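Both complexes shown next keep subunit A, but they swap its partner, so subunit B is in the first and subunit C is in the second.
Right after this comes the complex of A and B.
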């Protein structure tokens, strides 16, 4: 097992080291960036597949102890040093990251941006995301969140227009305040418990720590009702809520998604907020566990109100948008609200074992499903922008006849957002609704079901324009995009629709649509993969899967 | 309230660094929100982060604590080095963040000729 145990560290280190190569290689060759990134990410995907084969073989939990195994867990089983953990939950998300990184890179070859610096940032972002997903230490999570953040800010700023820099700075200011709040929450927890390791924290909080005989730990009991612990939950939720772009902490997100180059938008919309939502899911389920929320039901209710508001507000704001990228950005606000609603249901005191099980299924499936669907939709929006210069909903009129494959994929993925079977978006919403129903949380059920109609509000607008608007020449909206954007004006000058989207772009869009449908049939496989997480949460154990 | 009074006196007399932490945190946040100048917003961000560092460092202070280089068979109170390490790491992260922020501000200034948010918004509205 020693081979497998080194993999989590390799997955984090490889992209970060490789990120230095494109910049160094600039001295020799300016065009080498893509090849370096492709090689590194192909190896990364291979390693992830290897790790997944080990983890899913029998629901194992593979731990890598940084700094060697000698000092780790010396007596009584508390961790010294940082642990990287690959368990059935983190490996699923790591697999999503590896796949999306590789596929979006294929898209970037044609769509650009092409500088070596871009690929360095791209690899750094991949490494940071892997770290967020694999780490088992709360402070380490902060460091990786910030690595992800820095890479994202830089990538957003690579947009052509100066507005991109303004959007990136806004993102940086808000994102860093969020990360600092998270750090403060971690600090409160550390001051109270004396540990940063997620597993140890869960045990100290529950009062089941097996070490610290003769110290305060032995007679402390459960710490769930402590003011410091409750305050830390609030800070961590606010901090990660900023990163996951929950309403009303989402204000950085539409600008960043709109101004970033199309490739970057695909990548960050699919993965960056996903990593933050994953972190929140993991901390709530594994560290604080439903037992904390049973002690403080107010926290569970407040969290549900917070995420449910995000669903409604995000959908309504999305329906009001004219720019397609902004529309999808607000739709992400709604969908992360839905994912965290599921987390809120899973930990809610009203939820029995069945409700918790369904809600966890729903949260994890929708987390991955949203990444696939949003990547495909932003890629489709990017190909329309590159091919026909269409960036607003109005300018999509009649495009289904010009670009049938991309329009068809938008339809499939859009139905996925709405939650129409057999697209995977249905599966996630189905389980979330089932969870809410078994828990008997009627206001939540109403919102989850209404979210379907609300998604239809904006998806139907796009589909109606694409398929049923018979405008002869799609009007390219020049107001949103003045002549500063060279590709746009060039396309508009020679009458539009001459530039064909590259094969890679179409393949990515259609591939995302096919994957979204195919994975909609893989419900049983996915739920089996998540089962160890459900068992761990239900048993109140902080370790997901069996120890290798 | 009578019960709380000794606690408040104790906090102000012996644990005033936590009070400073809260004040600096609020100041930094207010600066980010209220100042129209982008550079001042970044300074506010730094204040905000520094306040969090101050919290960690104050929490690690132990009366009569010794540095955690522990000889064999030593007795006495030793200080946990972890909060200091955390703050060091977080400072590095903060420096990197400030560098990126300032680089973005340079680009914004080149494009708009101003560091004030309201002026930039006017230029954008004219576009």
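Right after this comes the complex of A and C.
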């Protein structure tokens, strides 16, 4: 179906083009920004659904070649241009991005920040994320990572307090260093293999490329043990590790999440690190494949050490936090550690086919699950901040009485983070644990099982405060977050209800909780959907799904 | 599949969902307490009806199964009603009916806050407990096991005091350690082991034994480790030592919670889980071959002896009952872990027997608290005059706990003794039997003073209770008047021992005794005499009487209540031989 082949390009281009509209439309009407963004994202969501129906109909792989078919694969071999690939894995993450973008925009209508500049940045960020997810080219991935990054830096800097600018600058510096590392890694790969396309790279690295006979492009045998290739893995991991906030490269995340406006925090916590983790997953599984790690086991082990440390360190640091958004930020560090642990197990030499299968299931399911749960939790934190000005755990005391729906959703989503079935957080953990046990990696098994208790450390604190503690005085933490707009944020002296949180905000929170429980029962559907990825990895093929 | 002829039937699902619907209705009737309590009773009666309707079929050999389809790769989310599950589910739902009445009376008399949350969470807990009972495989058991912990947390923290919050935190820590860490790891390990060694991955009860046998042959110590993880994980909820200390602290919860949940539903899910692991995941043959069952039985025996000894020193009545619960739960584990047919029957029969007796004891403790605000045994002297029916029920139940005939506890203990002495390892069997008898004596030692004080003493004229009042290690003086050793003139305060200068939290209520001022005890003129029908609200005395009578019924005619039949059915099907000489 050639119609579907243009969809990947549309999905990337539409938000980027639409980003110019709110600014341009200012000359007509200053308040049109939200509507333009909503329209654009609604169309985006529709297009993604259409694409998904085509991809998941029978595990297809839809490829769009930028610039037309003449540029791609002359002489029956390698790609010259850039390919956008929508296969079962990338479509799943693209669908998540489209849904979350639209829903968070509904949240932003009342929660703010408002302003056409904000909506423009929001759309640019969506376009960048779609590009990261849908691209099939490593350098193109860098370009979209940078677009994403710059948009994120700008959005973080729109926070209320002066610390927001500092946080954004910190994120910018560390993020740019990370992106540059990634670029270095890609550069080394290009020098060694002469190609940037993910599929072609995989073939060249494996020594199965079918082009360039007699030239330096046709290498005999696998390139996995070459120093340039090993170095490139290290650089790419470091770069994407910064973006995915892997310990100890996470230092930008707590400040950025805390200081960004609440709406922005929801969005970036759910999607930005997710896209980076997706990229890491794809590159490890498809480009380098477990065969690389079989040649260089120390790479897999080192990666596992860092991810496992992320889980423990993130949880412990989260348990020590007083500010709720900071607490959730460290919780993200821990859960991305869990996701990347699954990736590490999937590529580990000790992992047989079953271990790889389960680890991949766990990584992908937890990637999406974490996005849903974290979005809901940050939305709840934002709702509490907007409604009663509560930003610290101590100020949550007794709030369950005043805001039962939000508190109940925090309970459900919190238990999802802990891994209580049937919330979806359990599914990912089950598969990761099973993968680790199948691979026989004892330290990993111990940490994955202990992550239940580690997450409980901070979740139980919040729930206890919400439900079983009494507020002595209505708390507005002037030191942490002074009320800037007296009409719609700070708590009144009588602690009474204000117009916020709006219905849209509460709907997002409750909807996330309901979705987390409902999708906990949809495990079978999701594993069927990503089976093509598992087959491709087990068969050593860089093409996920059958070519359309 | 456990039963050879399992038919598809929605009743297992209905039994789990009815209390959930009840919880929703309870929350929506928050403004009308009478209607709200009525929903509780109605849900309980309906749930019991559904469960009871499945018993005849199961005893006849048909199982009932409901499935949602694939939940995770290779495992279905399925519920199945078999003999073992119905034993537990029937017990829990039957006792919920009476606890619903009792709780209504209790909460109203004390004018407690948060009653809607209480009753809704209670219903949720029963849903989760019956879910554990009906689970078809280890993973579904795990799902409901965790949900049970989550849903009973608000009940433990109900009081919203610092003590309650601390107890609830401990509750979470121990139970998530047991469930979310150990049981999850064990379940995943069983899945992997059956996949690697048995050909097909499975965690369904009854289908895992062959794969695990091959696993044991290949890697014996790892197989034992997996068994240990599962047994300890479920055992944490059954308050086996050393993971028992959450239970006494959880007594801060309102007494209906301590009674039904922490003596019947929650802790019994732990014992039930251990039984499933022994009987259905590993199977008696494999567990015996692995030599793990005797280790577990020994741990349980040590546990019940130690808990009984600790109970001797507890002055707070509910804490004494908590240690008694920990002790009696280990009876169940020991009985089933013996893996002899009579041992299994005894252990499984102790599930309903102990439930009836312990619930009576807790109901009595709660009634005493409500009517007289007395929580400590040292203040109970002469209370039999004030609350004759309550204390009579207490006496019956206490007699049963010690194993005195005509009350339920005797029947199960008898079978356990037979099971112990018929053990192939004769010496070990005799040791277990001796432990059971010693524990029976200890039960008398810690229950008799309460009964004696209630009926045979008067308020101002109580004997000293050295076990409770004396410090550890004794006092350094003699009672002989002309002894050359001078009595220590220290103003009566035994400040010579560190344990008395700085008593641990276990002895002193959170925040110090001053906060929990003993405002219980008899009024200045002594207890007034009351008649059984006027000693307390009917909402509380009716359940006490009924449950005590149930304990008597189980002791006098155990064969005519389905419990014994179900227990025998389970034992015969797992061990594969018909039992002779049982009262049927």
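Here, the second predicted complex is superposed on the first by the 523 of 548 C-alpha atoms of A that agree within 3 Å, B and C clash if a C-alpha of one lies under 4 Å from a C-alpha of the other, contacts with A are read in each partner's own complex, and residues count from 1 in each chain.
The rule is simple: a residue touches a chain if its C-beta (ideal position, glycine included) is under 8 Å from a C-beta of that chain, and two chains touch if they have at least 3 such contacts.
What you see is a predicted model; the values in this text were computed from it and never measured.
Of the two partner chains placed by the overlay, only subunit C lies in contact with A:469; subunit B stays clear of it. By the touch criterion defined above, A:438 lies against subunit C but remains apart from subunit B after alignment on the C-alpha atoms of chain A.
Contact with neither subunit B nor subunit C is seen for A:58 once the two complexes are overlaid on the shared chain. By the document's definition of touching, of the two partners only subunit B reaches A:187; subunit C does not.
When the two complexes are superposed on chain A, none of the residues of subunit A touches both subunit B and subunit C. Subunit C makes touch with subunit A in their complex at residues 68-73, 77, 139, 142-143, 146-147, 150, 154, 157, 160, 164-165, 168-169, 172-173, 176-177, 180-182, 184-185, 188-189, 191-192, 195-196. Interface residues of subunit A, counted against subunit B in their complex, comprise 139, 142-143, 146, 149-150, 153-154, 157, 162-163, 165-166, 168-169, 172-173, 176-177, 180, 183-184, 187, 190-191, 194, 196, 482. In the complex of the two chains, the subunit A residues touching subunit C come out as 354, 358, 361, 415, 418-422, 426-427, 429-431, 433-434, 437-438, 445, 449-450, 452-453, 456, 460, 464, 467-470, 521, 523-524, 527. Subunit B makes touch with subunit A in their complex at residues 29, 32, 38, 41-42, 45, 48-49, 52, 55-56, 59, 80, 82-83, 86, 89-90, 93, 96-97, 100-101, 104-105, 107-108, 110-112, 120, 124, 127.
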